[in-house]
Amino acid sequence: MDLKLTADHQRFRMEVRAFLQEHLPEDLRQAARRQFHIAPEMMRRWQRILNAKGWAAPGWPVEAGGTGWSAIQRYIYDEEYCLADGPLPLQMGHGVQIIGPVLYTYGTAEQKARYLPRILRGEDFWAQGFSEPGAGSDLASLRTRAVRDGDDWVITGHKIWTSLAHHANMLFLLARTDPDVKPQKGISFFVFPIDTPGVIVRPIISIDRGHSLNETFFDEVRVPADSLIGEEGQGWSYAKFLLGHERFNIAEIARTKRRLQRLWQIAGDMPCGEGTLAQDQSFCDKITALEIELASLEQLGLRVAWEMDEGISNMQSASILKLRGTRLIQSVTELSVEAMGYAGLAFHPAQDGSQLSPPAPESAQGKMEEMLFLRAATIYGGSSETQLNILANLIYAEV
Amino acid sequence: MDFSLSLEQSMLCDSLNAWLADSYDMASWRKLTASWPPEPSDTWQGLADLGVTGLIIPDSYGGIGMGAMDLHLVAEALGRHLVIDPFLSTAVLGAELIIRLGDEAQKQAMLPAIAEGRLRLAVAHAEKTARFDPFRSTTVATATDDGLRLRGEKMVVMDAPLADRFLVVAQEQGAPVVAIVNRDAPGLTLNTYRLVDDRAGADMIFDDVPAERLGAATADARKAIDAAFDLAAVFVCAEAVGAMRAALRLTIEHVKSRRQFGTEIGNFQALRHRIAEMQSELSAAEAMSLGAAAGLSEGKQDRMRAVSAAKVQCIQSSRYVGRNAVQLHGGMGVSQEVAVGQYFKRLIACEPMFGDIGHHQARFASLSGRAA
Amino acid sequence: MDLKLTADHQRFRMEVRAFLQEHLPEDLRQAARRQFHIAPEMMRRWQRILNAKGWAAPGWPVEAGGTGWSAIQRYIYDEEYCLADGPLPLQMGHGVQIIGPVLYTYGTAEQKARYLPRILRGEDFWAQGFSEPGAGSDLASLRTRAVRDGDDWVITGHKIWTSLAHHANMLFLLARTDPDVKPQKGISFFVFPIDTPGVIVRPIISIDRGHSLNETFFDEVRVPADSLIGEEGQGWSYAKFLLGHERFNIAEIARTKRRLQRLWQIAGDMPCGEGTLAQDQSFCDKITALEIELASLEQLGLRVAWEMDEGISNMQSASILKLRGTRLIQSVTELSVEAMGYAGLAFHPAQDGSQLSPPAPESAQGKMEEMLFLRAATIYGGSSETQLNILANLIYAEV
Amino acid sequence: MDFSLSLEQSMLCDSLNAWLADSYDMASWRKLTASWPPEPSDTWQGLADLGVTGLIIPDSYGGIGMGAMDLHLVAEALGRHLVIDPFLSTAVLGAELIIRLGDEAQKQAMLPAIAEGRLRLAVAHAEKTARFDPFRSTTVATATDDGLRLRGEKMVVMDAPLADRFLVVAQEQGAPVVAIVNRDAPGLTLNTYRLVDDRAGADMIFDDVPAERLGAATADARKAIDAAFDLAAVFVCAEAVGAMRAALRLTIEHVKSRRQFGTEIGNFQALRHRIAEMQSELSAAEAMSLGAAAGLSEGKQDRMRAVSAAKVQCIQSSRYVGRNAVQLHGGMGVSQEVAVGQYFKRLIACEPMFGDIGHHQARFASLSGRAA
């Protein structure tokens, strides 16, 4: 057992830090600090910068055009990236983190060649269609269906929470191709352009008054045969393949580390009594408690990264990371709002423009919106209740 | 000791609830909050016609002269319907400051107008440099021959975009003073914005703005402000209780109607227990909030202790109820389309008002006798 | 609505306070402060003092020999009693609080005359036999049976958590008298002397190393016909009749108020840095949070007392009081142990006598034992999980 | 970075666990804790024969010279079995103080004896007047021609009734010093008692007791004590992790075997979720505790920060796991007869050791860089 990062890791950290210092544009850093939703144009520009460096897809193997980094390297990269105020990669759609791995693992040579480079270069913006209204965590009950018709598939149904579909030009989804087998079987994985006739995207405005979510309707959408990824009927297992890694990402350990730095900054900017809130013992105690929770989550995250590199699959840890990570996200964002006092009440998403000088300090810009949107963190990617169900099953199976 | 409603209270509740069900259902609320900048709506006159804008105003000034317990009932009802009219600013905080501090002419000029729905007020008290203490105001009032002149800035003045006049907490040679400012006063700038819960607010800049002193120069403005803020804090608690009650109700209806894995999700024991805990939190908040309303007529020490306990308890309960109401709605809980998120945001907005959890916990502690 | 105590109530409070000041013996106060389990002899002496004042049974109606106090008066009495360090009434057995109300409500004239005066005078010490091993909160599944044999009943079975049975001379229990009806029916209520042949009491030592709990075995215990209280088969409904009031008592609002005063005292007696723990902001914050929880519980308790006087039955409030009250008991006793630091580790129940001068200050004596024993507060009288189940049923039935 | 066990570690764990399963099952534990005053048992020799009493002692002094990560594994195993031998006092805190501070003769005299199981130590550091700071000692050491003389009082000296010698933290002219005191030293009084978790402890009175200075008068005792206490704190964390793991396992077995309302109580979703949360708490505690063990070899700042975070996390997790383990056992959870209560009490005993939650939260905060 040796829980320390190696000298190679430290060198890698320095390399990442230096690159970001030089190449992460200040306007993007500022946007990432101030608002949750970032304009796709900015994201594309950033993706091109990353691609030029060869870092467009940190999680992909080299042969797919990725960095080939180990999970621990990715952990280090993510930490540096977040501490430098890099924008949330998902703001560039689900290309790099979700559909890429499915394509390079299950796609044909032709599919890989067609889609992967465009993702790396930031040319395609992907939206995902997994969830359906009323299905919640019960993914296997999905009702969108794809019917074979000659060389085509005809897709009809209704998806919800299709993040950033209004910015996307490509879409992937799960649809039922065989209604006669048990629910988890008979689901297949499709990709196609979002402007295919019959696709309608309807915005869902979230309680932060932002627009990142959508409902998507499919009315006899006709797509060619090679829209199917992998084997027919195996879509469910491909989706499950993504979930472990997604839970790791959703825990947002490094980003929350940055959020806690920001929280100290906000507290230091908020007057309180004779000094600032950062000098108020009771408030500091609340931050400290969260910092300690983060410290243990970092240790847990490093262990999971190491396990990934060792090829050890630990489903319990993935659920625990998701559970604890998203709770911590919420605690930190809530405390950030608490820190703002009255100033937090002034609600001014960027697109509103209804006021001149915000009452909250620069350090606190966007924090209310972030807190509101991230109420969803314990809901998406398998709700906390779902994680507890999964965990209990795994634990009982052991004893 | 009597927890039951008097006949007068029952009648008040019945008529208010009937009016709210009719004029302030979710569809109406969405219409009222859709436009920006906000426009005065006829709901304000509706509330005045019910008598509630004059609830705490004495008969002699056209009100109905009821007390804090009655106000608590009204606040709960308004919270249940997410009312966005400037009720707290005008009929609670504004009216109470005028009642406690105003001279006879000012009372005559403003109190009947509030009761009749002809006057909307906003109270400017928050500043960037002071967290929750209105007496740390850096807005300075200077006495002149014809009244006061104000210089300074206020932030997050709730209901300011709708107000006809402002009551501004300022300091005059180190002592607190409340100044009356007209909407069209020269030197006054408003930067307006939505508040998180879709009420309207503004930052205000006073550049040598002419104002009128509320009450006599010899009056104890500090004492009046303290008492009025405690009344307002209890009103906010009661409003939160009403919002929690509505959010819990929506959540129960949701879990009883939504099916997953072949059964109503409300049948899952983990959700059943969550609902029970939410009810428990609501009950604790309601009990303490009512206790604080009763405590308003006690001595200063007991009053402040009860109010602070209520504010802390209500914030804690609000967090538990609000967060879980959203959580149990699943993804739809974070959508603007579904009502529960609006309740969540109202509960968030209630947190800092007249002191947040840290402020009131510290105040409670400073008042507590540590008996041996 | 008028939530203030009347002038009459205030006068009553003063009367109670004066009486306790004069008549509650100092050795009993000290015992109540220091230890959880109090010698029965001390309790009997105290019961005789109360009886001389006419206050032997605060909850009983006048015609049964009680005070006839309203619930609000009892609330006030309890508060003064606890603040004066009066010993827990249950240390005198379950006579006044549990069996008395059953007897004066459902007993025959003869049964009332025989038992009630002896309870008031502290002559009988009653133990209760409700719970059975393995049944937990599922009371209706009880298996102890009573079979009619001529003029007698013959009882066979096994009870657990028979508090203080080792001090008791009388026992009441629930037994199944009709196995052929549905579980809640066919249960009857019996009382008899604990020295009846066939009764065996076996101690259960609790984790505080104290002895207040027992298992009780019944091997063909023959009791006369008039051991049956009320109607045959109605025992379950009599037991339920007790539960609401019991939940109110178990919440121990007034006693926890006193515990919080003690906690300040302990904190003031514990050095910390340059001063005491009572000057440590972080620790004070923890106490303050509990004081605020107590304040809201007091308001809730007053409302429930008023409802009892008005004849309003509020099952939700009873469960909420039990749930919140017992959690607060545990939080306060846990924080009291935390306050003690290292000194809390020295474990010296009174009967142990293994050391001379305890490391913990006088104010903290017995606090570790109290904390340990009161882990059971969220288990007995219907566990917290049971209260949540009950609450959810009541809430769902309303909407 | 490597989380897997080395061959050496695997062998150590295997042999230790086999021995514990055999010699330290619950029945043996009950026998060991039944008598008072406690008697030295042959379990101590058993641990020595396994090599673990010499785990951190260098080869050159008869130990096996392993490190903090190895000690963590041992501590977890000892915690799982509620071991009551004076391991922490002797083989961890005592040995570490001697290694860091002792002169050659003292090392030769004591370290091999510890490794071989011939010497039991207790470390006297807590005082009534100092909460968790050993440097606030009021026990005074005075240098004489033939060593030191001690005056003062110590409380809750864990394992004192079993110790052959004591290491006493005292002050000499304001500077910290560690003094070696023989059990039969004149002027020494012990008041012995059980600790809450059935280990043995004592208060000690030093009335001009002759003692020997540990190490040279010029050595930096403060630094050595700081480092040794941090090692001891991590040991306590690991012990708590072991105890939590056992308590959780007992609880799972209980809820899977106990039936109510016609089904295993473990099937109730509220209990399933509780079990899952307990596992989550255990995982967080384990991860942070291991992280602190790794952090012991970092610079002082990083070391102290990791240790404090671990102690806070482990106490919080212990509370959640311990309380719920008892709760889910129902009434039997508070009975001495059932093992879970003993684990609960061990977890309670771990709380104050080498700093409680308040102490370490404050220490963590004082070390945290508040980056911009």
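Per-chain residue numbering starts at 1, and chain names A, B, C and D are given in the order in which the chains are listed.
Basically, a contact is a pair of C-beta atoms (placed from the backbone, for glycine too) under 8 Å apart; a residue touches a chain by one contact, two chains touch by 3 or more.
Quick caveat, the model's predicted, so the values are computed rather than measured.
Trainee: Among A-D, B-C or C-D, which pair gives essentially the same interface as A-B, with more than half of the residue-number contact pairs in common?
Mentor: The pair repeating the interface of A-B is C-D.
Trainee: Please compute the C-alpha centroid of chain A, do the same for chain D, then give the distance between them in whole Å.
Mentor: 42
Trainee: Compute the distance, rounded to whole Å, between the mean C-alpha positions of chain C and chain D.
Mentor: 38
Trainee: Can you give the whole-Å distance between the Cα centres of chain B and chain D?
Mentor: 53
Trainee: So which bits of chain D are touching at least two other chains?
Mentor: 268-270, 272-273, 361 - these are the residues of chain D that touch more than one other chain.
Trainee: Indicate the residues of chain A shared as contacts by at least two other chains.
Mentor: Where chain A meets two or more other chains at a single residue, that happens at 282, 285, 385, 388.
Trainee: Specify the contact topology among the chains shown, as one of line, ring, star, complete or other.
Mentor: Looks like everything touches everything, fully connected.
Trainee: Which part of chain D faces chain B closely enough to touch in the complex?
Mentor: Within the complex, chain D touches chain B at residues 268-270, 272-273.
Trainee: Can you name the residues of chain C that touch chain B in the complex?
Mentor: 1-6, 9, 72, 261, 264-265, 268, 278, 284-285, 288-289, 291-293, 295-300, 302-303, 306-307, 310, 316-317, 319-320, 323-324, 385, 387-389, 391-392, 395-396, 399
Trainee: Looking at the complex, which residues from chain C come into contact with chain D?
Mentor: These residues of chain C touch chain D: 131, 134-138, 141, 160-161, 204-207, 209, 213, 270-273, 277, 280, 282-283, 330, 334, 337-338, 340-348, 352, 354-357, 359, 368, 372-373, 375-376, 378-380, 383-385, 388.
Trainee: What does chain C use to touch chain A in their complex?
Mentor: Against chain A, the touching part of chain C is residues 281-282, 285.
Trainee: Using the touch definition up top, name the residues of chain B that touch chain C in the complex.
Mentor: So the residues of chain B in touch with chain C come to 1-6, 9, 69, 249, 252-253, 256, 266, 269, 272-273, 275-277, 279-280, 283-285, 287-288, 290-291, 293-294, 305-306, 308-310, 312-313, 361, 364-365, 368, 370-372.
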